[in-house]
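Should a chain be cited, it is by its letter among A, B and C, assigned in written order, with residues numbered from 1 in that chain.
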Amino acid sequence: MSSSAQGGATAPGEQDLRPHFHQELAQLERQALGAIDIVTEQLDRTLDALARQDVELARMVIADDDRLDGRYLEVHQGILSLLARQTPVAGDLRLVAALLHMIMHVERMGDQCVNIAKLIPLSGHEPPVQDDVLALLGRMGALARAAVAQCKTAFAERNLPAAIDLIRQDGEINKLNREIFNAALAAGDDPEAREWGTYMVLAARAIERIADNAVDIGEQVAFVVTGLFQEFSDTYRPAIRTGMQA
Amino acid sequence: MSAFDAGPTLDPTRPLIAAGNLRRRRRMDLLMRGVATAAAGVAVAILLIVIVTVAGKGASQLSISFLVKDPSVGIGAVGGGIASAIVGTGLIVALATVMALPVGVLIAIYLTEFSTPRTARPIRLVLDLLNGMPSIVIGVFVYGLLIEGHQQAGWAGSFALSIIMVPLVARATGEMLQLVPRELREASHALGISRWRTIVGIVLPSSLGGILTGTVLAIARAAGETAPLLFTSSIFSNSTTVNIFGTALPNIPYLIFQDSESAFPADHARAWGAALVLIVFILIGNLGARAMLARQRRKIVSL
Amino acid sequence: MEGSQPETDASTAPPLAALAITSREHTDVTTRDVVFDLRDVDLYYGATMAVSGLNMQVHKNVITAMIGPSGCGKSTVVRTLNRMNDSIPGFRVSGEVLYHDHDVYASGVDPVEVRRRIGMVFQRPNPFPKSIYDNIAWAARLLGLKQNLDERVERALRGAALWDEVKDRLKGSALGLSGGQQQRLCIARAIAIEPDVLLLDEPCSALDPIATALVEELMQDLKKAYTLVIVTHNMQQAARVAERTAFFSLDVSGGKRTGVLVEYDDTEKLFTRPSDKRTEDYVTGRFG
């Protein structure tokens, strides 16, 4: 029930003097992590709809975003209530702050899914798909899905190496994003094909943003564990990356 | 998990009358209260009987002349007043107080402020023994110390009385000093005030009322002691004197003793009168001391 | 484009450095003068060691708080600073307790002089059973500060934020004041004799929240002129009031219970990112 990381659990032989507060905090964390489950579902459906150009499924994704917004409000309210009533400090305080950031990033992930879903009907019936682009999107989507799953386990387990690994995954996703961009440029002169290609570039960008949000959640993991906050470097800035690894 | 999960076992909304065990307990409560009240009543009754008896027998003697005239002198003389005895008792007791008060207070200060538990215990023991010492033994001791080989003198009687008074003053003072909370002394020390100044400026003034009461009670006790005066101040002429250092002084307790042995009823009557005067003096002293204490206490808590 | 990407291996996960965030004014108070320097101090009651291995410095014009569970020696430490433990039989100090580089426990040191400069406010307000005026004037007079007594009394009462409330009844008994007013009177009494340091042993424990808030605000003003050390059971109070906080705990190893200083740092660091797990456990309430 309570997470096994530093500042989270009581060792055997110790006695938790504030069990109700810590149970409340653990429940809040479960709710926030549950939101990642919701967004994972949304992402699956979005990628599926994208692959099959399924307009109905896209419509469901858009409608279901309310669930995420609702969860965001729940967690947000829970955090305010906890801060006002329980005065968390040290590790508990860092966790509460991290949960606030995390739920915002999850909500943005959900918004990006909606953005992708909105693009699908725009392509119209039987759009001129480019299979190579769709394949790249599929790979990109799978990687993004893995990143989202990993940021959840990294947070739940307070796993710092797993959080840092998200940078690498983000880098691969960014590479695929550039490949899709180049492939779409090579679509040719057909205006409908070019239009479809542009939409797919937008979809790829949305997937890339989802991965960025996963990395941001990784930053929060680092903050909870170490108490220090640093932007995980963007792969476009190798100098900082090297500096970090020195 | 908690022992209180089940809630109250009896219906909390039932009527608010005593039931079962509670009724028996209330009867026991009333019984004990009755017994305690009766015991208090007995104590009051005894005091009242003494006062009423003495007053009854001695009131007839009370008059201005009784208080201001000396006992009649001369062969076969009877009657007269007790003025010389009043003056003599007053002087002897006053001198005894002057001797006993500083000593008693200083002993109490030493015990409360400066002694360690190891040194305090023997001193407290000694004070208790002194308190329980028969007054006739004290009288004999003072006789041997001061009178033997010389003549009687009032001040020797004062000395004997002061020995009786010291434990009383010391105990009363000690109790009052201990009542002064430790935090008050600490507050003074924390300001950089030395211990002695703290005692004089904070501790003693707070205990003054109690010390006064204790002293008055000691005086009341001493005024009635006969045995010490028997040895030190019993051979005197019946005229009023103030020469406490040169000669024995007339005093009320010995006068009562002397008159009760006399063959003349007039002397007996005078003895009752003197007893009444003594009791009145003690009562006034007691009640007055308590009133003063109450007034001082009220001053402290008022704004 | 990216060159070779170094692998992030779990065991070589690089340490993260904090961004230079200056969200509030943060001055390093440890650069100020040292008022107290405790070196390898052990405190004993008879044969029992109450506090062990104490090393800490208290800085000038800083509020330093001591927190920790009951019985870990915080009050003992604070009372050691002004020799108030002298009256406890069997109390012994080993190590050095330096106050402005003078060892407070050296032979030849006059404890009365020590307390003259290091004042103390206690847990329960303890005004003298005298008038409000005399509570302040009595000690001042005895210590030779006889001139301009009225002015001194007024300045002390103003300093304790009590003047306006009592200026019309200075001759009234101090015992007629409310608890919060009495405690502020005790503070006024302490600062009237112009000490250097003010030690406060749980000064707000007996006060209601409003009186507590007044005293806490007062401490922020007082620290400009004095150095304050406060012992408190209330962690949030230490967090609100102190720039530096010392966390004491009990060491129960070896079958003996001894107080030890676990962590001593800037308050903000102690309450957001404590270095020691024992501190983290205590402030979050996971203490055993």
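Criterion: a contact is a pair of C-beta atoms (placed from the backbone, for glycine too) under 8 Å apart; a residue touches a chain by one contact, two chains touch by 3 or more.
Values in this document were obtained by computation on a predicted structure and should not be read as measured data.
**Q** Going only between touching chains, how few steps reach chain B from chain A?
**A** The least step count works out to 2.
**Q** Could you name the chain whose CA centroid falls nearest to the centroid of all protein CA atoms?
**A** C
**Q** Find the chain most remote from chain B, comparing centres computed as mean CA coordinates.
**A** Farthest by centroid: A.
**Q** Centre to centre, by mean C-alpha position, how many angstrom separate chain A and chain B?
**A** That gives a centre separation of 90 Å.
**Q** Counting in whole Å, what is the centre-to-centre distance of chain A and chain C, each centre being its mean C-alpha position?
**A** Their C-alpha centroids are separated by 47 Å.
**Q** Counting only residues that touch at least two other chains, what does the list for chain B look like?
**A** In chain B, nothing touches at least two other chains.
**Q** Along chain C, where are the residues that touch chain B in the complex?
**A** 82, 84, 87, 89, 112-117, 119-120, 122, 124, 126-129, 138-139, 142-143, 169, 172-173, 175-176, 186, 189-190, 193
**Q** Along chain A, where are the residues that touch chain C in the complex?
**A** So the residues of chain A in touch with chain C come to 6-7, 10-11, 13-18, 21-22, 87-94, 160-161, 164-165, 167-168, 171, 175, 222, 226-231, 235, 238, 244-246.
**Q** For a test of understanding, state which residues of chain C touch chain A in their complex under the given definition.
**A** 2-3, 5-10, 13-19, 21, 235-236, 239, 271-274, 277, 279-281, 283-288
**Q** Spell out the part of chain B that touches chain C in their complex, as residue ranges.
**A** Listed in rising order, the residues of chain B that touch chain C are 116, 181, 183-184, 186-194, 197, 201-202, 205-206, 299-303.
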